[in-house]
Amino acid sequence: MTDRPTALDLPPADPLPERTARYFELCEQKLGMVPNVLRAHAFAPEKLDAFTALYNDLMLGGSGLTKLEREMIAVVVSSANRCWYCQVAHGAAVRALSGDPALGERMVMNWRTADLDGRTRAMLDFAEAVTLASSRIGEADRAALRAAGFEDRDIWDIANVAGLFNMTNRVASATGMEPNPEYHAQAR
Amino acid sequence: MTDRPTALDLPPADPLPERTARYFELCEQKLGMVPNVLRAHAFAPEKLDAFTALYNDLMLGGSGLTKLEREMIAVVVSSANRCWYCQVAHGAAVRALSGDPALGERMVMNWRTADLDGRTRAMLDFAEAVTLASSRIGEADRAALRAAGFEDRDIWDIANVAGLFNMTNRVASATGMEPNPEYHAQAR
Amino acid sequence: MTDRPTALDLPPADPLPERTARYFELCEQKLGMVPNVLRAHAFAPEKLDAFTALYNDLMLGGSGLTKLEREMIAVVVSSANRCWYCQVAHGAAVRALSGDPALGERMVMNWRTADLDGRTRAMLDFAEAVTLASSRIGEADRAALRAAGFEDRDIWDIANVAGLFNMTNRVASATGMEPNPEYHAQAR
Amino acid sequence: MTDRPTALDLPPADPLPERTARYFELCEQKLGMVPNVLRAHAFAPEKLDAFTALYNDLMLGGSGLTKLEREMIAVVVSSANRCWYCQVAHGAAVRALSGDPALGERMVMNWRTADLDGRTRAMLDFAEAVTLASSRIGEADRAALRAAGFEDRDIWDIANVAGLFNMTNRVASATGMEPNPEYHAQAR
Amino acid sequence: MTDRPTALDLPPADPLPERTARYFELCEQKLGMVPNVLRAHAFAPEKLDAFTALYNDLMLGGSGLTKLEREMIAVVVSSANRCWYCQVAHGAAVRALSGDPALGERMVMNWRTADLDGRTRAMLDFAEAVTLASSRIGEADRAALRAAGFEDRDIWDIANVAGLFNMTNRVASATGMEPNPEYHAQAR
Amino acid sequence: MTDRPTALDLPPADPLPERTARYFELCEQKLGMVPNVLRAHAFAPEKLDAFTALYNDLMLGGSGLTKLEREMIAVVVSSANRCWYCQVAHGAAVRALSGDPALGERMVMNWRTADLDGRTRAMLDFAEAVTLASSRIGEADRAALRAAGFEDRDIWDIANVAGLFNMTNRVASATGMEPNPEYHAQAR
């Protein structure tokens, strides 16, 4: 393994544009690292900008879903796809946001063993179905979400967060992306 | 079916921000319609902006892949996922860009029957594997792309275009998104 | 690609028996072509006779199923099996018989997105299950057809039409059979 | 269980046409029974005629494949599809034609454990692939058959025998067809 | 094929410990053979002891399940895993214990075609689910067993018998274990 | 959740036989807990004895495989089967025995991303194939292990360790077995 964030030879823009350099400094301050998914995009700052705008809107923007709910979707999808990078990074986020290390492990290993309320179970059932058999999703699946208390705007958000990780899981696996080692010991 | 672009009750922002209204007018002029995937995002213009920025960078931005190659990936991925919206919209794009209606049909129905050169076959093999079994992608798969003439930057682009449609396919299926009827007769 | 209807080197009987020559002329007059599935069998006229007798009985003979219903089963089965030949030829038939080009596309791309009545949905559900998981079909599945209004004779016909295309799909794919190019533009 | 050959209420034509009655008598004389697949078709003698013509051409007609080879394909396909009727009836045929009861059992239970020559293994590999993943069959698979000594006419026959049982397996399972009990003890 | 019970070169301990020699003599007397699964373990008598202790406790020890019920689970699991050794040996056991040769065949070929009471069907449904999709088993599956009349101790036994054959099936297939030929003709 | 080790109501023998009580004390001393898989068997001490004898022979007995290698097989199999109990308990063992916390995570999340030598990769490839497709294992797979330096005795051990966890995974999932919470923080 080298210090490259992926298996591809795509060195970062040099110098980084000032907005990117500032963003990476901010990451260092807040997270203690620049997540490798960001470093991986740094060969093309306009790609980094587009990715972070979408990612931040879906994961950090206003939503009827809590940040923990969105991270739980992230891990369940990433577990279904067995994405090394995303299970590591977002498993840590579930541990940290929930204060429950075992919950993060359950999302990685087998989310169905968790003792979840009906709303959360419906949400993760939908996210898993979107991942594994999206062509069979239909009105009955959306009705199950509404019956569990979700509004149509929430359904949009569940579908899009699940969709996002179906994208990032595949990009990470296809490019051999490695998670920053700092994640492993976090929130244990 | 109503005029709603999806099965969700998410009416567009009213009024649309001026930048969005202008973008939709531009679509009407160039395409004769506003694609429903854009109308579907119009309830939250900042989401529309984020989605179109990412989409346009990957599908229209600079790349070692031609626009036709990117559309072929789009259809092969969408066929593997059986996404109604994306097979319709991007099948039309392959027919139009290639001038070969049967090629668009092959990408939808069974891309392996097409008489493709080694580069294109390697590209679509990788895109399909990324879609169906991303956790098993490894260095041998990337080496096969390099042997077919792709550079690491191209591999990034193949992975990201394939990833993008693995996201949009799932969002479209999960929300019941309907393609604009105009696509069906195009480039036949 | 050559003019051969399949990837196999099996030239037609020469001369064709008179009954076969007449049948092919009739095809030319009525369809504007001799479908390649018939040309493919012409190396052994007794095989052509046996195939056309079975095919015509099931697809054109008396039945409680309309011709459009039988063609819809044909396309749903052929889509599940991703058979290039049969999706092309029978997709055209659904477009022509229904007068609804998008319906033919839906049967090819994802039949579950179509807005179907309960009878048709039950029929296609059964045909798909017969294709993908026949060993799990049981009395409950037949009861669902009866509840949707089908009689036992209709169930026989649905099973046999679905069975027929599970045969022809595999023969077409295994022999590299190419559909006549005329189909692509039909009934768009 | 009743005496009906399937779960459907489709009594035989009464009286049977003379040609059908004679055919059934011939079955009784040669096989000691009328196979239930024939009794199942007897509600519509023209369907029985079409089915037997196709079946007899493929399984009993001239071919580069021996009758045992064709029966081995029948059982391997029927095992992959887990068809109760066809595994029983054609398992008995493999036992009888080969004089090797365990060979019939291997074809039913796991054909890959059998000690087969390269020609037979190639043939069954192709038949299984045609059954389980026909959309992925391509020139390389046909080349493997040619390398094992098969001619193009043989490839046609392998594809069609495999196709035939992919039809009959599904019809039998979909209609709840029961094999005649006489098969079980045969050629043990 | 040689006389070795598996494809591995692991000759039996020589001499066999006296307890093992006596056990094998007992097998000869009661069964007319030493089952090859026992001969396969004889290279390491302490492994043979551990295996037979577990096997005999589960298959022959006290239980709310009859011996026939345990053998039916064995065959259904072994059929799902297509294990040559275990389908042969335990198919014979179902034929012998039930006095119904066709029942043994049904368990091998497609257990769902058998005319079973609700208790037996629930038991085999659970055993099959444990085999094919154990990560999805949950409280609803256990509730279905309880509703069919099973106590918690019986559920333990069903799970463990199904588990046992998921182990032995894989060991037999992975080592190329061959069943004793005597089984084939038994209880026909 | 209660203090019961599984979802079944099977209280331990009371009093425990002296040998069992001593064994559990030993576990407390060495591990700081009695693993729940042992507590789950305590309703029937003879079952506990049989299970521990087999388990200890395979996981702790003499073998050409190191204890770490056996634990890596355990986790790869348990990950393929998504067994909550075994991924937790044996993931901890891999972390502890290897001194490499990330290695334990990789075995759980996607073992193919680990940077392994050829011997280890061949071993885990075989264990995974035994888990997911045992009916297709054949001489070529055993030859691959021999080429990687394994002897036939080692192949037996790999097959049996993989088999063991295919049993325990299913028993744990089928009975709702919960791992002791102490595992989560171990060896991070």
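By written order: A, B, C, D, E and F. Residues from 1 in each chain.
Going forward, contacts are C-beta pairs under 8 Å (C-beta built on N, C-alpha and C of every residue); 3 or more make two chains touch, one makes a residue touch a chain.
Since we're looking at a predicted model, the values are computed, not measured.
Any chain touching chain B that also touches chain D appears here: C, F.
Interface residue usage between chain B and chain C, two copies of one sequence, is largely shared: over half of the residue numbers at the contact are used by both copies. Farthest from chain D in terms of Cα centroid separation is A.
If you average the Cα atoms of chain A and of chain F, the two centres end up 30 Å apart. Averaging C-alpha coordinates per chain places the centre of chain A 51 Å away from that of chain D.
Mean C-alpha position of chain A lies 44 Å from that of chain E.
Contact of a single residue of chain F with at least two other chains is seen at positions 82-83, 110, 135, 138, 173, 176. Every pair of chains meeting the touch criterion is listed here: A-B, A-C, A-E, A-F, B-C, B-D, B-F, C-D, C-E, D-E, D-F, E-F. Listed in rising order, the residues of chain B touching chain A in the complex are 7-10, 43, 46-47, 49-51, 53-54, 57, 61, 81-83, 126, 130-131, 134-135, 137-139, 141-142, 152-153, 155-156, 158-160, 162-164, 166-171, 173-176.
Contacts from chain F toward chain B in the complex involve residues 110, 112. By the touch rule above, chain C contacts chain E in their complex via residues 135-136, 138. The touching residues of chain F, when paired with chain A in their complex, are 1, 79, 82-84, 87-88, 101-102, 105-106, 108-110, 113, 115, 173, 176, 178, 181, 184-185, 188.
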